[in-house]
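I've put the structures underneath this note.
Both of the next two complexes hold chain A, though its partner changes from chain B to chain C.
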Partner chain A sequence: MKLVNLLALSVSTFAVMGSGAMAQSGLEGMTIGFSQIGSESGWRAAETSVTRQQAEEWGVNLQFSDAQQRQENQIRAIRSFVAQGVDAILLAPVVATGWEEVLSEAKDAEIPVVLLDRGIEAPEDLYLTSVASDQVLEGRVAGEWLVEEVAGEECRVVELQGTVGSSPAINRKQGFEEAIAETDTIEIVRSQTGDFTRAQGKQVMEGFLRAENGGADICALYAHNDDMAVGAIQAINEAGLAPGEDILVVSIDAVPDIFTAIAAGEANATVELTPNMAGPAFEALDAYLNDGVEPEKFIITESRLYTAEDDPEGEAERRRGLGY
Partner chain B sequence: MNARYWPLVATITIFVVAYALAVMQFPALFSTRVLGNLLTDNAFLGVTAVGMTFVILSGGIDLSVGSVIAFSGVLVAVLVSQLGLHPLPAFAITLLICTCFGGTMGAMIYYLEVPAFIVTLAGMFLARGVTFLLTQDSIPIDHAFYDWVRQFYYVMPGGGRITFNGGLMLLVFLVGIIVAHRTRFGSYVYAMGGNAQSAALLGVPVARTTIGIYAMSSFLAGLSGIVYSLYTSSGYPLAAVGVELETIAAVVIGGTLLSGGVGFMFGTLIGISIQGMIQTYIVFDGTLSSWWTKIVIGGLLFGFIVMQRVIIAASRRDWRTKPHPEPAPSG
Partner chain C sequence: MTRPMRSLVKPQFVALALILLLNWILFPGFFSFFVRDGRIYGSLIDVLNRGAPVAILAIGMTAVIATRGIDLSVGAVMAIAGAVAATMVGDGTPLFIVLMAALGVGLLCGLWNGTLVAVLGLQPIIATLILMVAGRGIAQTITEGFIVTFNDPGLIFLGSGAMLGLPTPIIIMATLAVLATAVFRLTALGLFVQSIGVNESASTYAGLRSRALLIGVYAFAGFCAATSGIIAAADIRGADANNVGLWLELDAILAVVIGGTSLMGGRFSIPMSVVGALIIQAMNTGILVSGFPPEFNLLVKAALIIVILVVQSPLAGRIWYFVAPSRERPPDDRPSRTTATSAEGGPK
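Let's turn to the complex of A and B:
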């Protein structure tokens, strides 16, 4: 079972990384420090396991340090990496501020630093590059899918927003709105926060269904993350409607549970927030350390769309092995 | 040897042996860079631990220090970045507020006869809550003064740096050692920790000393918050969560009796260094879970608490068998 998972996983990571994955000798034997925030969510646990797998594929000796959600632990780890003389440092910063001093020490020691999945407020010359997803793009991909799916028909959409004021909520809303602005048939009729949680997603969806003629007037649901969508699917089922048919469901993140729902026909599409931030980071480091190529300052990871045609059962199985 | 010295000797032995073993495995650990990092990265912890040593020596406890560190760092950031104050007056205001806060806790502990545990627990929630009232986000501090302070560092041979923060911690420890072992206030603290009632009978001003101890602890926590803000150039309301427990652990591993009255300020410095060393070792290893820090600290704490019971038992026996017990050393 484990072997099958591993095999499936390496196939999927190859697929995600594309052609770059093949030239993997450049970092062989190098030591790279990775200061991770912690393991507060399934996605982060998956990011850690994918990073370890990537390191193995590249032949990198990965020094892993879990900061347990504390910036001071991350700073300590980076200082120790510098003292140890690692070849490069990966940093998933817990907070945006407060990195200048320690990163300038790394810079003085000529150790390149790559930021993963979050940005920081510091001069750009303190890090080599930052690998992150484009949250606006994620929303746009979800919106474009819906535009194509309804193909010009009238569609009244309800939206489950993320935590109020959080950057994924703002950006994913913006991207989706940009995409559906291209047509005048799709319109967001109700939008409320479900706080990124399953329970809230269900509760808010129940309210939407009551307000929209028992759900008969709703054509599609857009949720800012999969968890809220899974909660909402439950609410739709309880209201006696068929999620995925009566009400289309599209969401973002690509966690295992949404693939189970897609496989059961209860959800239609999800946009992946890839946990593979390390792959592009290693590619950039390879180019920089071996060929002296400065990478772009911001590397955007792919926001891939998954539907029922993309082997949802297999995807669910594969992702469960990553610790989601 | 006097049983009072056992914990200190044990602490120093553990540090030296553990460090030697670690260096044998990772020779790069034996460098001035690691030494400099140990000082810089643990500066805020060390400054707080000096105050905590006084508190524990007096037989008390202060759970509020972690929150006070966060409060102080955030207040400085708000004053400097949002209200445009120069950092120096901002530091003064912050330290004044922190000192008054600690003094109030000390007064409540003495006059209301509430256990220090309860009062400082309330202080912990209060300070953290007020911090979040000030800001929910982290506030960057971008001020020329911060850049100016940051350029003060001494480069040791081998590339290690003694930074301003690291130097400040050593200075605070030096002052702490002098106050603990060479001043009247210090001897009052030891006397109270030995036995508060007989201390009062012997003429120790218990009210003043209690208020002084907690005021000093909060003052140093406030100073630690300033050190933290220099360290990260920002104020972060989630900073230093759980630092009070790390500090207490460092003090106990440093050889101070949790029941008070016995201990050395220098031991606390070693206690801090042991904790820092474990963390450095785990990063150097790169495969161990960082939770091993907590496991090892927990194990050491158990060991020291058992040793403390043995020492207390041993010193009681000394008391009975010796016709003229030697007076308690004041240092």
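Let's turn to the complex of A and C:
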């Protein structure tokens, strides 16, 4: 089972990295420190296990440090990495500010730092590069899927937003709106926050269904994350409609449970927030340390769309193995 | 004016009626409902169904607040009970044992709180803050950080099934409210709880076993929280330890205060706390069906709560008696004052 997961992962990694796969020995034997935020969500746990797997493939000796949501723990971890004289540091920063001092220490020790998943407010010369997803793009990919799916027909969309004011909620909303702006047949008729949780997703969807003629007037649901979509799917079922058919469901993140729903025909598409931030980071480090190539300052990971055609059962199984 | 007439014009009922009316203006289909498969659907049912978890928390919270205490841990206890139920049912344990275990864990949490308050003499707000913080961690440890999902039809029934045409949570809420009210009102228990809230040491000198009663009251709140946690988990078919019951302790306290029980202890009313919870949920449901942008959610809620508390304030009560036409001035306006003082010291 573990072996199968590893195999599936390495296949996908090869596919993503293309030519990079050939040069994987470049970091062989190097020591790289990884300061992770914690394990507050399934995605975070998956990012940790994917990073470990990537390190194994590259032959990297990974020093892992779990900060348990505290910046002071991360600062301490970075100082100890510097003291150890590691070859590079991966940092998933818990907050955006307060990094200048400790990153200057790493810079003085000539240890390159790669930011994973989140950005920071600090001079750009303090880190080598930042690997993150483009949240606007994620929303746009979801929107483009819907545009193609309804193919010019009228479509009234309800939207489950993330936590009000959070950057994924703002950006994923913006991206989706950009995508559907191309057509005048798709419009968002209701939009409300579900706080990124299943319970709120379900409750808010119930409200949408009541307000939109028992759901008969709703053509599609766009949820800013999969968990809200999973809750909403239950609400649609309980209202006597068929999610995935009567109401199309598209969401973002690609967690295992949404693949189970896609396999059951209750959801239609999800956009992946890849947990593989380490792969591109190692690639950049390889190029920098071995060939002296400065990477781009912001590396954007792929936002891939998954539908029923992408082996949802297999994806659900594989992702559960990653610790989602 | 006779007592039943007076109880009909309680400001809470006026507030609930006004909010429902407001919802109806914003969304004309608010009062319509339909029956499918022997089950009633509609926004009013949604208010009762979605309000049930907070209403059940408020039932336990009322008893605690009546003793001049407070229980901040109920949201975390919900998470623990949900986590216990979901993991055990996932392991194939029979439903009856699962429910006993989850409710038992809630009782234990309540006993812990009660012991800290009654035996160690800690301030209730601090004593229960401990479990509020630690409890969510305990729940996350039980679920190992995952959302533990399940497919047991019996457990799911408690969250999204229906009895007598109504969603199960409504039936559970109503049963618990009636039973609790009966126990507190038909026995001397209610009076004991009230007297502890008014003056604990005087009650002890008068021969009350205050310590045991206090522990019992917190255990009851823990039991209610566990019930609520089971319903919340059953509703989404999974235990979401990070999010379930988050900040619901504040909603429960608000429900009790809106219901007219003073945070200073003493007089309390469980049915009115349930009405308070339904007022809060009527606002939430109204916001959902009205189509306001989500940025306004908290603003609308805060504004309505201020209005409700102002209407219930002692000053408003006095003005009401002054302007109310053709109404005999009550020989002694203390009953109205006691109802009205409830609004003092609202949590928000």
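To be clear about the criterion, the second predicted complex is superposed on the first by the 321 of 324 C-alpha atoms of A that agree within 3 Å, B and C clash if a C-alpha of one lies under 4 Å from a C-alpha of the other, contacts with A are read in each partner's own complex, and residues count from 1 in each chain.
As a working rule, contacts are C-beta pairs under 8 Å (C-beta built on N, C-alpha and C of every residue); 3 or more make two chains touch, one makes a residue touch a chain.
Worth saying up front: this structure is predicted, and the values here are computed from it rather than measured.
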| item | value |
| --- | --- |
| Chain C versus chain B on the shared chain A, clash or fit after superposition | fit |
| Partner chain in contact with A:A83 - chain B first, chain C second, else both or neither | first |
| Which of chain B and chain C A:V164 touches, first, second, both or neither | second |
| Touched partner set for A:L62, first chain B, second chain C, both or neither | first |
| Partner chain in contact with A:E72 - chain B first, chain C second, else both or neither | first |
| Touched partner set for A:V293, first chain B, second chain C, both or neither | neither |
| Shortest CA-CA distance between chain B and chain C [superposed frame, angstrom] | 6 |
| Shared chain A contacts, counted only where both chain B and chain C touch the same residue | none |
| Interfacial residue positions of chain A with respect to chain C in the complex | 39-42, 45, 161, 164, 190-193, 195, 197-200, 202-204, 206-208, 210-211, 214, 227, 230-231, 234, 238-240, 257, 324 |
| Residue ranges of chain B in contact with chain A within the complex | 26, 28, 31, 33-34, 37, 40-41, 44, 138-140, 150, 228, 231-234, 236, 238-241, 276, 279-280, 282-287, 289-291 |
| Residue ranges of chain C touching chain A (in the complex, touch as defined) | 27, 29, 34, 36-37, 41-43, 46, 50, 145-147, 149, 160, 232, 235-238, 240, 242-244, 284-285, 287-289, 291, 293-295, 297 |
| Sites on chain A touched by chain B in the complex | 31, 33, 61-73, 75-77, 79-85, 95-101, 121 |
